[in-house]
Amino acid sequence: MVEEQFPLKGYSLPLTPQGRSSVVEPPPWYYGGDIMQLMFQADPDRIKALIPPPLEMGPYPGQGIVWFVEWVSVSESNPDLAFINPERTIYRECLVLIGCSFQGESGYINPYIWVNNDFTLMRGFFQGFPKKLARIYLTKLHDLNPKVGGKRVGAKFKGICEAHGERVVEGSLEFTRQADPSELPAPRFFLMRHFPSIEEPSKPAVHEIVRSVVSDVKVADVWAGNADIAFMESAVEEVADIGPIQPLGGFYHQMGLTITGGKVLYRY
Amino acid sequence: MVEEQFPLKGYSLPLTPQGRSSVVEPPPWYYGGDIMQLMFQADPDRIKALIPPPLEMGPYPGQGIVWFVEWVSVSESNPDLAFINPERTIYRECLVLIGCSFQGESGYINPYIWVNNDFTLMRGFFQGFPKKLARIYLTKLHDLNPKVGGKRVGAKFKGICEAHGERVVEGSLEFTRQADPSELPAPRFFLMRHFPSIEEPSKPAVHEIVRSVVSDVKVADVWAGNADIAFMESAVEEVADIGPIQPLGGFYHQMGLTITGGKVLYRY
Amino acid sequence: MVEEQFPLKGYSLPLTPQGRSSVVEPPPWYYGGDIMQLMFQADPDRIKALIPPPLEMGPYPGQGIVWFVEWVSVSESNPDLAFINPERTIYRECLVLIGCSFQGESGYINPYIWVNNDFTLMRGFFQGFPKKLARIYLTKLHDLNPKVGGKRVGAKFKGICEAHGERVVEGSLEFTRQADPSELPAPRFFLMRHFPSIEEPSKPAVHEIVRSVVSDVKVADVWAGNADIAFMESAVEEVADIGPIQPLGGFYHQMGLTITGGKVLYRY
Amino acid sequence: MVEEQFPLKGYSLPLTPQGRSSVVEPPPWYYGGDIMQLMFQADPDRIKALIPPPLEMGPYPGQGIVWFVEWVSVSESNPDLAFINPERTIYRECLVLIGCSFQGESGYINPYIWVNNDFTLMRGFFQGFPKKLARIYLTKLHDLNPKVGGKRVGAKFKGICEAHGERVVEGSLEFTRQADPSELPAPRFFLMRHFPSIEEPSKPAVHEIVRSVVSDVKVADVWAGNADIAFMESAVEEVADIGPIQPLGGFYHQMGLTITGGKVLYRY
């Protein structure tokens, strides 16, 4: 996009004279979050239906993870936005990850994800996260609340994801011990970017598998615990089709990272 | 997308085994709405900055329209959704239209638009509407409220659009007379589809001008009146840069239509 | 409250120098609404638990009604508010009514009710409606949407009430015929006003049965149909304890009315 | 309320068979919060209008405080609620405090306060806080976000309060140093409980000045800094009538406390 030819500015719609209004600013994007991740074992036959070729089943067939996160994120071009307008920088998400592999490299795909703001919804679409809007409720642990208390052995944390009037995912963790960052699953994501054509609904204009390019991952304050997970029936969502699952424990931790873009691995 | 090769279904992300969860279903999309449209005259020099080539200034330089609408929409593939889950079918929007022309044909571009739900946000992106989330408040006229009353000469209707804690657009209409559908501006839209690349932020994967393909437009119960419009200063939005405007009157009416897709007019 | 002695003004908190900020303005309050009411038969033994003395079981033991409504309301002191700030005048509610009688006069009590805005939440408390916040989703029938259509034989309307991430009530109506206003149940309400003491939690400062003083009731555009109702299990709400119910049909109609206050019938 | 006579249970409406649904549970209430408090000097003549007798101007006429808080609270009767349903335990508030005195004892009254959930709205009314609903946006400082960072000298925190589509209060703090809990203003509140009569709008059923009974106050992690405050003009709110103010600095800190009720000091 050469500015002489095309006078509007911006990384994404709306493209405008100042380029200040785009719903998503260009990467790099900087994140800091508080994450509950809950591992589970599902029936590999059901999970298989969620992994489109050329992706393949991963080394632990049927394993997956649920994340509940509250993020604060800003971009390189507007690093002070968390102060200028906090609403533009904070969001919550609930996502389901499914173990898979691409050409022998293992990672996760993300069949379902819900968030609670527009900038992250669109930024997710640009990256290949199939985001939808929801309300996501998370326990707030607080050291000075006499009955709730802070992070400690025995602390209990719950996440609830409700979309279009239906509760669709619940997850919880009872903290049993502090843990080491090395115990966490590696967050390597194979994502599917998809943008429909407007002329032919059955032929997308963009359809590709990408790998997120993530750097500067930092993890702190990791707690391990016993997990519980529920995927609810819905008239709209299909997450309950994952079927009966067995929770395998989980973690609550802080994480920081930078996303600089993605690498296209495969084009359909 | 051949189903044998690619097992997931859906018009848009998330693509899933059942194809029931996509945030947007394939067209045709069927709409019925209650619309306040308010015409205005702005400074053509300021308006010019909003019209990217190959679009050109229209026959009435500096003229534009503000719409406040409450829509109910369903798709061909799920026509009963307004009953199954009303939340998935109702939304409000506030949009700004700017008169322009393409190869001698006059119409409108849409530099700014706000909506209040995810399915319409994404469906807008697929069509070329640069939608962002907002809360949109509209007067409810009601025949049986003794003080508010229904549509009539003297009725007053207001729309307020608030995004990320800022009020960004206000518009109002005082009904002066019933009007004929033929008095309404023709709703011909030149839209800009844009989808970023994930590898190179400055080179979009999709960037094109399209014309909406709209059919079965029906209009009913048209009222004309005196308009008022305000574009507010914002730390995020640029709509106030349209500058001082002069309201030129407006309409309130019902409209029904079907969108079957779009036609690409130009690729950047 | 003599103004010389007490300089702040207002019908309700906040009391302020101008008296313009109160969350609720003084009555009379003027209403216009679109109402779906669904009648049901429950087990009288379960219903009995919801009727506190001196109220007694009504002439049709175990009968009740569910209302889903979108109201627009304004007060005598600020009749133009629907135009000044629409958000302050529109709300939705879902309520459960239970047939009862007081000293031989039959009417309804309201054990459960949810609304979606603060002014109506507080105004409800002042009247004796035990309101809580929720999100309430209602079908929008629209004549010009080619697939949804307007009010007609065969039209289907649904209401969904979701509070704190749980769907708590669903109701729906399939229109079978136009009906006469005289077919509607009489809306006579026995309400319980209750305001806790701050010194002794077990002794309320106000606890009384009141009858709403309603005037100028107007009803229009009545449709009758087949009803469906579901009360959902909840970790917070008790509405599902009403137990299995049998829908008895329902109505969709417009209604206007004026509430000028209430009459205290009994003080505990 | 003797249970034999009155079978329904609960501290507040709705009173129900199980007593589990009340919008507010009985005290004690346990709080833990993250608080930004910003001190200001206003014109004492304007402030005077906000202090009703028998309260009097305090020792520092015209001084006030703005709080932006995110609280987690639970009650004695349901201490696990932060886990069972987080939404029922977290809320945000923005409040304005005005220095005053009662019979020679100095403290604060609270003319304006906004919160974002129903349980705290009603609990506030029972205590004498004149709460209204709003959306309250707060910066999230996070140690692991590379650009936002955590609490430190130079960190910047903003609060924004938006109600009914209007931004009504903004406040911000730039951290300059760690501080001692002893530097904080003492949180002693004189509150006004008020509950209208339903028969005579001009004669409230309850109207009294109370003092909150607060115990176990704990403060931690106190930062001092430079403050900025803005009260915005509104068609509904009167907070801007406080007039021009001079920020006097502020604090960001954690606080825990227990409220066991209130003591009535004066009945109108």
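Chains here go by letter, A, B, C and D, matching the order in which they are written, and residues are numbered from 1 within each.
Just so we're on the same page, contacts are C-beta pairs under 8 Å (C-beta built on N, C-alpha and C of every residue); 3 or more make two chains touch, one makes a residue touch a chain.
Because the structure is predicted, anything quoted here is derived from the model rather than measured.
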| item | value |
| --- | --- |
| Set of chains whose contacts include both chain D and chain A | B, C |
| Interface composition of copies chain A and chain C: same or different, split at half | same |
| Which of A-B and B-D has more C-beta contact pairs | A-B |
| Euclidean distance of C-alpha centroids - chain B vs chain C, Å | 34 |
| CA centroid of chain B to CA centroid of chain D, Å | 40 |
| Computed distance of Cα centres, chain B from chain A, in Å | 29 |
| Multi-partner residues of chain C (at least 2 other chains) | 84-85, 87, 137, 160, 164-166 |
| Topology of the chain contact graph, where touching chains are joined (line, ring, star, complete, other) | complete |
| Sites on chain D touched by chain C in the complex | 1, 5-8, 11-18, 20-21, 23-24, 26-27, 49-50, 52-53, 84-85, 87-88, 111-113, 117-118, 121-122, 125-133, 164-166, 192-196, 198-207, 210, 235-238, 241, 261-264, 268 |
| Chain B partner contacts - residues on chain C that touch it in the complex | 30-34, 70, 72-74, 76, 79-80, 82-87, 89-90, 137-148, 156-160, 172, 216, 218-220, 254-256, 258 |
| Touching residues (chain side chain D, partner chain B) in the complex | 135, 137, 160, 162, 164-167 |
